[in-house]
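In what follows, chain A forms one complex with chain B and a second complex with chain C.
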Partner chain A sequence: MKARLTLSARLAVALLLSAPLARANPLDTFGFGSRGTAMGDAQVADAHDFSASYYNPAGLALGRRFEIAIGYFRATHELETNGKSNAVDPVAGLVGGILLPGKILGIPVAFGLGLHIPDDRLSRVRDLPQTQPRWELYDNRNQRVYLAANLAVQPVPWLALGGGLSFMAATHGTLDIEGDANIIDVKQSQVRHEVDADLTAIRYPQFGARVALGPRAALGIAYRGQFALNLQLSARLRGAISLGPVPTPPITTAYYSLVSSSIDAFLPQQVVIGGSFLPADRLRMNIDFTWIDWSAYKTPVADLDVSLDIPPPVNGWPAGITPPTVPAKTVTIPLVMTDRIVPHIGVEWRALDRANCHGFLRAGYSFQKSPIAAQTGITNYLDRDRHTMAIGAGLTIDKPLSFLPGEVRFDVHAQVSVLPTTVTTKTDPADLVGDYTAGGYIWNLGTSMVVGF
Partner chain B sequence: MKRLLLTLLAACSTLAETAGGDSNLPTAGAGPFRKLAAAEVRGAAPYVLDVAASQFRQPAALALAGDGELALYVVMKDAQSRDIIARSHALDARTFYGATQDLGHHAQAVLSADQAWEGSDLSHPSVLATPSGVSLYYTANGAVGLARSSDGLTFTKSATPVLAPDALGPIGSASIAMLPDGTFLMMFAQGGSIYEATSADGSTWLRKGTEPVLAPAAPKTTLAVGELPPFDTLSVSDPCLAPRMTPGGRLQIRVLYTGLAIDAGAVPEIGFAARYDDGPLARAPGDVFTLPKNISSPALFEWSEGSFLYVDADSSDGSHRAIVGAISPPTITLDPPGDFPGAP
Partner chain C sequence: MRRARAIAIAITLTLSSLWSPRALASPEDLFGYGARSSAMAGTGAATSSDFEAAYTNPALLSRISVAKLSLGMLGANFDEEASGDGLPGRIQDHSARGIDIGADLPIPFKGALENRVAGALAFYTPTDVVVRGRILYPETPQFPLLSDRAQCVAIRMGVGADIGHGLRIGAGVAALAEIVGSVVVAADSTGKVGTRIDDQLVATYAPIVGASWEHPWAGGTARIGAVFRGALAARFSVSIDATKLSTLNIPVFNIAGLAQYDPLQAGLEVGWENAKWKLAVGATWKHWSDYPGPLEPTIPCDDPTDCQSLGVTRVGYSDTVVPRAGIERSFKLPAGASFHARGGYFFEATPVPAHLPASQAYDLVRQALVNVPTRYFDTDRHVFTAGLGVSIARPLRLDVDAFAQMHVLAPRTATVEAGEPDGSASTAKLAGSIVVTGIQLGVGF
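On to the complex of A and B.
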């Protein structure tokens, strides 16, 4: 036990202070771990395994065994506009975590680690014109790696507290182009470029509490901080303009600079309140309400700062050559979103109850009214109300092997989100996107295994 | 076993596929357009119908049975240097019968001036499929004529124009469409503006008032941040009507047109205006297609993946007129062009 405490403390301090930690939003959409997903993500007062790193860090303190979890899920989007698939990328990858419980001065403490690593890409950045239709909540934001580390403590038997840090990366990049431009024969131009990209870390807090009302009921509350992933790109161009191939003396030198600043992904802060109840020995019922601060959402449109300086040649511009001008600045139309309270309900029935083997059947439901205002103008942030239904099953085996004195739990889930197809109508008849229908389904299948020692 | 393991490892070490999410995005089908690229046409892009002696101009598109298949009716010079109307045909919307590379084939003449009121030249075809066949409208001597056909190749003309010039002047071009209720709508250019007329049968037309439905835009001396300067302050002409029922169930009257600014040195650009039902036409800000080739006379053809725009333009050496192809959405990458069709 002493060795375990030392390891736990070292891990906690190292991870929380140096923070190679992260949390992101694929889990908001698809859940974390098969048990929680199958129960409609109604877990704030119930999660007590590795998934508590996401649902409520306080739940980690309820763990009594060292646990390692590993799993996989794949969410496939069948999102359409005008009846045709928009080919929104699936979100798929490994999920997992560690729960490391112990005691300090006789008080139960625990360290938890939660992880999601996508299959295809660790992160994705996009910078689209505000007029381009895109599934704002599903297209880009969920393509993230997730890593979170939390500490939890149970100072008295009826109370557990937990919290941790989260991390995401922000992108900064610079593109420098320098050279000679032949404006008569552009193929004779010679340019050199240099790219400098930098991923920097951002940390975010999350914390929660769980209050046991007795052996059959508990309440929980969790807070998840907001974060904005900034995408900053700058480009500088310096070119000597000539009328012939190098080394023709230049007639002037052009300077162009562009700084683009945008929000690549934004996760609004959330507060989750919920309860977990055992109305019967074999039946658990959970209900959560998640307040999501969507109104703080940052419009994901680049703010461009462009400057162009091309001094006219001493003898004026040659006939037929018109120097370029700075493009008109785009006026950003704010993305209006409304705060939402999302209900989650979940049930778990212990269908199989043997001496060293327990089987569970689970079901869940949640509903999120779309937070995005009707897109009747030039912007096209696609979204629809989302009904999410899930089912799942679990099997727990105690002491399955002689060298494994704990338990092994296998869970599976199947989740479908229905986004009813509705029409978006445009106010301006000359809108180049025009009216459209949008809707579809999101299918999410997955499994996870928890091994307790 | 070792080889199998290496193969499996190699299979795992692949890069992610190109990010998705941009397929089949909704569009009104009217731009913005990009000119066709070299790999997307036979011959010199963006030209799809370019024969110096023929001087192809003023295209009008008629959708045929296959997806991407159309007949293109164009004005061309005949052997006597008169302007006649000819028909070409493409299976992929780009590879036209009688193009320069289609050796031994020529666009088929389908209509020439032979009525007393027509003068010597025909211009601005507008073609549409009706329950009784194909109706080909054209302009001659400032009036609009009508010819009908059962096969789209052999036409019988009406003896008199269906819309004659009036006090507002000669009619420069006209575009006709059939609405979902079975009635017909015409928009025509007259004196630098666009007007409209309606018909119950496509033969007898009634002009709707004397006020234009689309007039040149008012010049602007100051622009708001982000506002584009109007490109059509001198004239609007060459309407191309393309009504549709939107996914929202509304009748949308779409019009592509040629706009020209009053500024010295301005070049024509293609604009887009539209209305719902009987409301006023609203302009899209800015052009939907431009090319420094003195473009005009837009024609729209829609297929399952997007929209093609055909305009007439100066040839690459500026010696004659030819038909340029463009596509929307601009992000589409077309497959390599197909074969030339066997018939016009």
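On to the complex of A and C.
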């Protein structure tokens, strides 16, 4: 019975956590499209294809062709503690989007969609105790779908504006289990359940602007909104405990209820400012700075309110069975995080320049100082500074087929993130986890194709 | 397997010039999709000419010639009544409110494919939920095939091609999100109870294919359209395993059910249109007999001879045929503008039988298994539809369309086993109505 009671509580948490599609955005970590990823994600003043749906919606207005994009990437984590792999799952899936440009009243406008579909799931939730070591920024938060819809306009030739919504979802609801549990032969248990749960829609804004400073330079700014989900879920268990099949009289009854409240899905707001320059005809240089409001991050631990009523059996509990007790309330230790400014730089060299064929080589770098405070107490939200280096190549072919009036572009990228291994030292020498080293690598390979009509 | 599915979607995406879906289905099955089709009783398999065809018949997406982005709003109020012993009379149900987004995407090929291929994206999102998963105890009075089915995101995408000789073909896909996962409860090395929760939101897809053939006739164009939509089902399935928590023999709980379901269906429609009139008559067959019902057993039994846990009563759902007819009259206005008046009617027969078998539950007071009524109510629906629209061509291409639907839930008496306190059967008198309104704005690029 203890198990059953605990189950319901955990189930509530499970449902609660099965709710959020994410705690963050996988594109923040791995980029969107091979061109942007290879250029260190320094794209706020440069992106003007489907990837602008993420980097800066204003860039969509620069598109002059209807474009369809499709691609794929796979990011593999080699993250370790004390030299042993933490088995952080890879992030892999399709990326894609469309760009639909046009004119309204003679003014260039565009509609864009950006999409990332993970291979195995639309989202995943893992609930771990706050004491268990986990890579907070990589373990689970990037396992989710990304969908953004944007509109952009270019009211004057030097200015483009864009904005839209990204979509997420979270669950809240109630669960009820009732019946008779036969703890001798479980298959004779007479139990049923009821679920009333909603996946609620969450939309958060993003918008941006791009200013052309001439044919060789542009500045850009983009804002990505924050969202936080205040999730609540209740569960109730009403039942009888028996030692034989119905109609064997039960030895006692049980009532258990739980209310769980949590801020479990959180994406910090971000502001990106950057520039894109052509110092030479064949060379483009981009630089971005991203401010991330990590200090607003909410501790991903549920607040539980539990009540339990199990009268002792008239003849006492059978030998070997210990009656369950109400679990002690978890004291949540706040996760302290610090705002960060992340620099991104990228270069692109047009290495091949033929009449209907252009080839590009790209490279990029970014650095994010870990926003998570040193884990010297009982919590173990692992993180390290991250140096990310990327290279890539692209090939653009104009009018490749008689029925295709535009161009086809193929891009590939390879990215490695280095998280230097350092020691986490606990203040309490009797800490159950103890001191440990942590660090590792994240490898990201991918490709994308853009077809313009 | 899921990767293969994703790659298949990618290929479809590439071919169709559209991006892939993540979405659900049922609102359009209840009301139709888009302001024009909804105003014409959900017809369109032979007459659609914009993004609505992503649902009505993807073959007709090939009629799209101008890029257009549409935005609309929809609201539906449900007034359901169930009267009789132990019944509340009026049943409180959630209203449905949502936003439509449609994108008409002509694909500008050159040469032999010029003006022959187009795609569309059709997106509906409720304003407050992505999907509602209500799987209630069977004795709770409910209309499970109505309001909750309207509470889910719907994204469909498709592509259509004009292959000449009056023939058009098209295909698309729709998707639902379902929750699967596991919760394992066990004691850790310190003796504390710990859990490992691994829940995932995964996509399940269903195809939609269509074809049409048209021919000049009686001063206009006559067209016959056929469409097939695969069944779309979204489960909620989380297993709870605490068998390793202690020496207690604890069952694994299967918290599962079917949160959303659209049956496999096939439609056939005949239409005729000219500059002034558009007429459509058709029927849709829906394979409801495959619907297993919303509930699954909490403790599954693989071997019934060794297991006496509570089962789930199967209600014998029936296949249905939905006849529908729609009409549109267009009036020319100055400066290339036009005004459209629309109307229609369809009859949605209920797949739920009039005789509802009893379910079983453990009664905590009597400490015994008892029969409880299965109150899955539904009635036939007579649906009257109407709508208005204005299109202007200058200074920008703009379409404004509005519609309204009145669903009359035909009065019905259902027999409910174990509906009386003494366990005998009772009767439930069912009736009600649904009022649906919507407006849509489309801007051509």
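Everything that follows uses one rule, which is that the second predicted complex is superposed on the first by the 373 of 453 C-alpha atoms of A that agree within 3 Å, B and C clash if a C-alpha of one lies under 4 Å from a C-alpha of the other, contacts with A are read in each partner's own complex, and residues count from 1 in each chain.
Just so it is clear, a contact is a pair of C-beta atoms (placed from the backbone, for glycine too) under 8 Å apart; a residue touches a chain by one contact, two chains touch by 3 or more.
Quick caveat, the model's predicted, so the values are computed rather than measured.
Participant: Which partner does A:L432 contact after superposing on A: first (chain B), second (chain C), both, neither?
Facilitator: A:L432: touches chain B and chain C.
Participant: More residues of chain A in touch with chain C or with chain B?
Facilitator: C
Participant: Is A:E178 touching anything from chain B or chain C once the two structures are fitted on A? First, second, both or neither.
Facilitator: It touches chain C, and chain B stays clear.
Participant: In the superposed arrangement, does A:K103 touch chain B (first), chain C (second), both or neither?
Facilitator: In the superposed model, A:K103 contacts chain C only, not chain B.
Participant: Regarding the shared-chain residue A:R354, is it in contact with chain B (first), chain C (second), both, or neither?
Facilitator: neither
Participant: Between chain B and chain C, whom does A:F111 touch in the aligned arrangement: first, second, both, or neither?
Facilitator: After superposing on A, A:F111 lies in contact with chain C but is clear of chain B.
Participant: Is A:D120 in contact with chain B, with chain C, with both, or with neither (first, second, both, neither)?
Facilitator: After superposition on chain A, A:D120 lies in contact with both partners, chain B and chain C.
Participant: For A:V423, is the partner it touches chain B (first), chain C (second), both, or none of the two (neither)?
Facilitator: It touches chain B, and chain C stays clear.
Participant: Quick check on the superposed pair: does A:R192 touch chain B, chain C, both, or neither? Answer first, second, both or neither.
Facilitator: After superposition on chain A, A:R192 lies in contact with chain C alone.
Participant: Could you list which residues of chain A make contact with chain B in one structure and with chain C in the other?
Facilitator: On chain A, the residues that contact chain B in one structure and chain C in the other are 119-121, 124, 126, 432.
Participant: Report the residues of chain B in contact with chain A in the complex, numbered from low to high.
Facilitator: Residues 16-17, 19-32, 223-228, 246-250, 252-253, 272-276, 279, 281-284, 288.
Participant: Hey, which residues of chain A end up touching chain C in the complex?
Facilitator: 1-4, 6-7, 10-11, 13-15, 17-18, 21, 66, 68, 70, 72, 93-94, 96-98, 100-105, 109, 111, 113, 115, 117, 119-129, 145, 147, 149, 167, 169, 171, 173, 175-181, 183-201, 238-240, 245-247, 249-250, 253, 320-321, 327, 402-405, 432, 451, 453
Participant: Chain A touches which residues of chain C in the complex?
Facilitator: 2-3, 6, 9-10, 13-14, 17-20, 22, 67, 69, 101, 103, 105, 107-114, 121, 125-137, 140, 151, 153, 177, 179, 181, 183, 185, 190, 193-203, 236, 238, 240, 242-243, 245-253, 255, 257, 297-299, 301, 306-310, 360-362, 364, 367-369, 395-396, 443-445
Participant: For chain A, which residues are in contact with chain B within the complex?
Facilitator: Interface residues on the chain A side: 80-82, 84-89, 119-121, 124, 126, 132-135, 139-140, 143, 328-331, 380, 423-425, 428-438.
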